[in-house]
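Note that the chains take the letters A, B, C, D, E and F in the order they are written out, and that residue 1 is the start of every chain.
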């Protein structure tokens, strides 16, 4: 029962995230207007029965069980809700609600382990191994960071905006890094690969999955670059004899990977590894966004207008659906 | 024996920092060309005797004992060096070599203590007190941070570029913050004052005093904003029950105090305190720079052209020397 | 009978400003669609009787007497108008229609007088006193400028956009200027305070109050900075022996107070006073805007998205309503 | 005896402007180093006799009588001065010292009169006629403005930087305006021509001729756009029944003629005349600069690198000297 | 039967371009929603009969024959379509559908011929003559280029966006070029005029007229500047002994006429002709846009807000309709 | 006899490029000041005998035979020239004068042939094969373009600024393109590789090797992007049935590979291949520049300040010389 496939007239019974809610009044009666979402899309819904009471029971970002009928309102589909209640954790799986990577968590974990296995530098290896097991104390950090890393998205809207997107993006960058490093003798390949794996790790604290992805207060006030920088610096401090210079070079990769202050990096690239990391992050995030745009339309020729990059994309005349 | 007061023909005998050195050749003979500095200025010097050997014994940034004569070379003064050797730590005081604040370290410390005394919020108070005593382990951090804070400059060239400059600038901002906060009911005055005191604390790791001030490798690769952010985040983690939200708001002040990405801040101001802190940092650093420019010329009317802000400054026609 | 408090079903009888009007047709009948406003907000209204005739009698910007019923149309409130006619000047007070400062005109005037009393420089004192009594001849200038100054807003939408906003903002800046000036010995405090009081005086010619605030033709073609510059230059010319240099320094404060050409200032700050005035104008206008945003939502946590500064504002988790 | 034509070995006896001076010391002797200038160029000069005394007698910007010999110093020409003294006003004419337009003051005046004669709008005609005779009271304004207008340069370095340059540039723009206006029916040709004649009139207060052209304090603190705006606004106020709207449109032309805030205009063009005036000012000042560059080299092919516009200019392969 | 003049209740029978189409569903029934356009404007239309079938028969950009009634829907006019079918080429003329220049194709051609007649340089004359007759082989180029040039618009929305707009704009620029060139002795007038005529010729390949103007794939992927550059370079290669340097200077005019990289020119102006061409293109395209804005409202005082230039336009208080 | 290895006192006899020349006068005698260069560096030289006559015989950019002695002048080395004359083409090889790629022309050609061999798309294969044999008529184009391509530099100063640099850079990009393409299913790998090989081919016309690399007039007036675009478009036109769409997509790669207008591209990337090509050009040109900087200093730690990117580069503490 995916939102993407609903048709006018169908009966609906399923689990959805509450993306927005608003209590409104019409002809002296209250009704509740909702935006519901699942892994496949979004849809409006209305509830007339007990609208005010229900409004108090539902939270934006929570998952709900919904029964109703699909109707057409002003030429758009919407669900006329008959029953709605908060879902219990055991009733649904997050995978039905949130979009996720085509790679399973296990695959992503396995690839990460494999990347760490290849690293020969003992300091970097220790740090990456610690990253995979670390379970820091404190509010947002009392579970295994690595588990959160494997589940986090790499973006809210623009690219890799799904469960596992962060790890998928980081691992693909690590692979590209291994491919590209041999062309440049000035580059330390293992430092570069480590930087690729960890560059966006602060996104673990930047987004929360609440039926959909949204920014956390830490994500907005501190930002993923500094959450990640502080975390990696703290990890390095826990490892005996971790060289100060290596800490700086690794932090430098995290801090400079967006290239310039305008693009959100507090520090510009100053090491050969930082120049390469910036370039392949640019490449992989832009191409990740193109892939997302393609998936939405899957139509040869010209795309719709893409506001964020202020242009249309041309897929070619006879593109075979990939 | 200050560089500023040397005259052609005088005998020189004193302690100076080696700012630059270069072994050169003229008429098949080697000579050593030096730039020497002290708290009052800089001067070139040349050494012909044992130039190559001496070159190996001196390090840029170290302090040396120099004897020689002031001469004129191509219309500029320079020292013809007869004797030069590395100075021993007990022979000279840093104060002869480096410029310093008009406030003594004791005064600055006392004012800092007084600011902390005023703070009533227990979390912020604890954090500030811990800051004054913290002595973290590890390479660049095994001495008391607060001592380094009281000695550090706030800049290399542009403003408060002298010993104690960081504390002088931070304390003046704290005072202005206390003056200005009452005008804005949205502002938490104690958070703002704490932010003023700590906003630039990362400069402790950004500069090293080596006869003059220069960037450290950490200063360039990590940057003072991120060094400070990591340090304050670590401090907060050491304090029991320090609220996560307060950590974020405090880190936010450090991260956003330069206002925009172009100006070096990875995060733009998003809290009332951050807007105020940014504005008074702008004010105090610009005015600190104007004060430095004024000190150099002390002349009514128009200043020399100031490259960094791309303009002349007008002091007024009849300015009394302040 | 404030717009903010109207509810569906209520009878309305009151005075409002006509913000927009449009004659429309539906089912071959004409109706008049209006946007009405008062000091508390805006609301749509419709009139079916004699729509075309009434349309000719009403002017955008004028104040009208309205009778009707509040209804719900497409989920928004609107007024079904039964009677509407131009209001007579004696029937209503501008204060019911336009929002105004929490300070009365008398308070603002008193504080201005007090600021002038403190000024010891005879030239500046004379100029400020002349400002308070000047009544220039000619089209837009035949009333007392100072009265207009006490009533004018400091902005159309962004900050201090209400009656008395200009004086409130200018006086608060003068106070801050007096607080901050002692920190900077290069600054002439009285010149700075005078500049704070007068920096935006050109706004007297930039806005007209027509039920709401709108730009005048002079405001758009000449701009408040140049209206103010010309006016202050003319004032100085009327005062015997007013020093040319002081005129230039005062005009410089008006001309440079927005900081850069991109921000609307034809001249960048070049005097110590101009640097300070720019900084505290930035501070007070930004904080004025934050106050306005806070007033609208008065809700802890995150604000709505603020387009003009391209960010959300964080008020803190447990903010007490101020 | 033009600087441009001096050769090594020649005797010099003539009048020059002192552009820079510095008292220096060499081998325990003082000497005075000067930069002298005339209408044709600049040259260094040195004086050994009574250097310190002479230093006190000469002012930068003043004109001096010089006797000496041209020599070669470090591969550049310089004058070895034997005698130097302040020149008396009656001894020299400004035309020997300062470069000037190829058009005489009389020609420029005649062309201006002719432009005014063509104007049929009575308000604009009166204003232009008043401009030609106005003799305002006060410090910088006690002579006839129009005389200063006919003598002023239009720039310090970049274009029309010579006596009469302001009038030459303004009159050429007026002519182009008359040519171009008929293409655009939205344009009021007489307003445009008046704007062309007056757009830079504030330069009368921006530069002073002191042997060479330099900025005045008013020029820097107020700026030519605002000096001109205030002056024209004051002129209009002196004319009975001068329409307020016409004042605003004329001031708008002055205020917006540099196009954007970044380029120094406090107001962007908002009337058809303002769009045209901006475009032809751009055209004529850029082409004036190209003419200046061409005059300096007069060589087919590529010019030297032009820093201000960050490019080389290509004159073509077989350009005939014009 | 122009769209601009349709009124509610009228019967419609005419030819229109299909600008958009969408098959929608309401109450379980399909209907076809269309946007129709002609030379005078745009209007929505709906069709309920055989909506799905008709949807397959119509193409966006094609011209259709429409019969129906004008009605009011949600306060806007729309056409209730009874019959709609693809129009046959012989039934309608493009002139009814697309807006066009006030100058006929014949007039434009005649003026172009006249411009070529004036050119004395034999190389430029040959190139312009070849341009008027060239009929290159290949996909988009098998008809006479000059015919396409006389029909093409100069823009899609902003200026000269009608049939003949390209030629009208180019010819007016050529005239202005002839007027302005004599003021600047460094300019080769014939090269400038040739550049004016040809500078936008690449727009022939940039737009296609499909009921309205839209970008071609070549227009987006290659751009009019490079389509034009390649075409003119190819033309020059076909002419015996066409000097290489003249080719470069002519291509330079095409490549640099938009002034900077930000504005779309791959090369900045480096020849006197290029500086002038850029300036008069700026002038004529801005004024062309103002004329378009004026035509839409034809109302004295202030225009609507113009997004593209981020301002209002002021036409003056008493503007006579031109 | 490489310039890099010359020492004071040595006799010189060899071939060098004349990079600059100037006839100067000292003590009433003329002398000729030269800057000479070879593949290893640059050095000043002076000639006193027959300076004026020799000046006429030598051309900047030509190669000369020089005999003389290395001396020290103002602490820098220079050559005192005894004999100097234009070299004959058969006396020297360009390889002694100009720096060149570590790859031989044969290797580069072989790699190019191999890349073409891999291409399966018949249209692209034909175009690349034609590129390798094309010998266009006309001034700058009468030799085999491919030979020029194999010898050209990819830059004047910043990266790959040596013989063979263009091909080395293009081939390395083609290899990286082949490595990276499989990560992105939206990318046509062969089109991308073809774009990598040809993207900078216009540099063949942009630089001339005249003892050193300098811009040609075509290079400045037309630019390498447009020279390349026109050339590739012309090649495609020579191939029967070359699809128009493929031409546009290939030209698009050339036109957009610098990413934005500010960076010199008239068109922004709009196809998946263009996004990738831009990213790997950024990567390879930046890393090529880093390699050049490293080669110059070969010293661990921090580099000298690099103006062009406004930063220092950090090579790491213990970098092994590569």
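One rule holds in what follows: contacts are C-beta pairs under 8 Å (C-beta built on N, C-alpha and C of every residue); 3 or more make two chains touch, one makes a residue touch a chain.
The shown structure was predicted, so the numbers you read here are calculated from the model rather than taken from an experiment.
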>> What's the minimum number of touch steps needed to get from subunit A to subunit F?
In response: 1
>> In terms of touching chains, how many steps apart are subunit A and subunit D, taking the shortest path?
In response: 2
> A-E or E-F: which has the larger count of contacting C-beta pairs?
Replying inline: E-F
> Could the interface between the copies subunit A and subunit B be described as same, meaning over half of its residue numbers are common to both, or is it different?
Replying inline: same
> Looking at CA centres, what chain is most distant from subunit E?
Replying inline: B
> Where the CA atoms of subunit C average out and where those of subunit E average out, how many Å apart are those spots?
Replying inline: 44
> What are the residues of subunit E that contact at least two other chains?
Replying inline: 217, 220-221, 245, 249, 252, 270-271, 312, 314
> So which chains end up touching which?
Replying inline: A-B, A-C, A-E, A-F, B-C, B-D, B-F, C-D, C-E, D-E, D-F, E-F
> So in the complex, which bits of subunit A are touching subunit E?
Replying inline: 8-9, 72, 75, 301-302, 312, 314
> For the complex, which residues does subunit D have touching subunit C?
Replying inline: 138-140, 217-218, 220-223, 225-226, 229-230, 233-234, 237, 244-245, 248-249, 251-252, 255, 260-267, 270-271
> Given the complex with subunit D, which residues does subunit E contribute to the contact?
Replying inline: 172, 175-176, 179-180, 183-188, 245, 249, 252, 268, 270-272, 275-276, 279-280, 282-284, 286-287, 290-291, 294, 311-317, 322
> For subunit E, which residues are in contact with subunit A within the complex?
Replying inline: 24-28, 217, 220-221
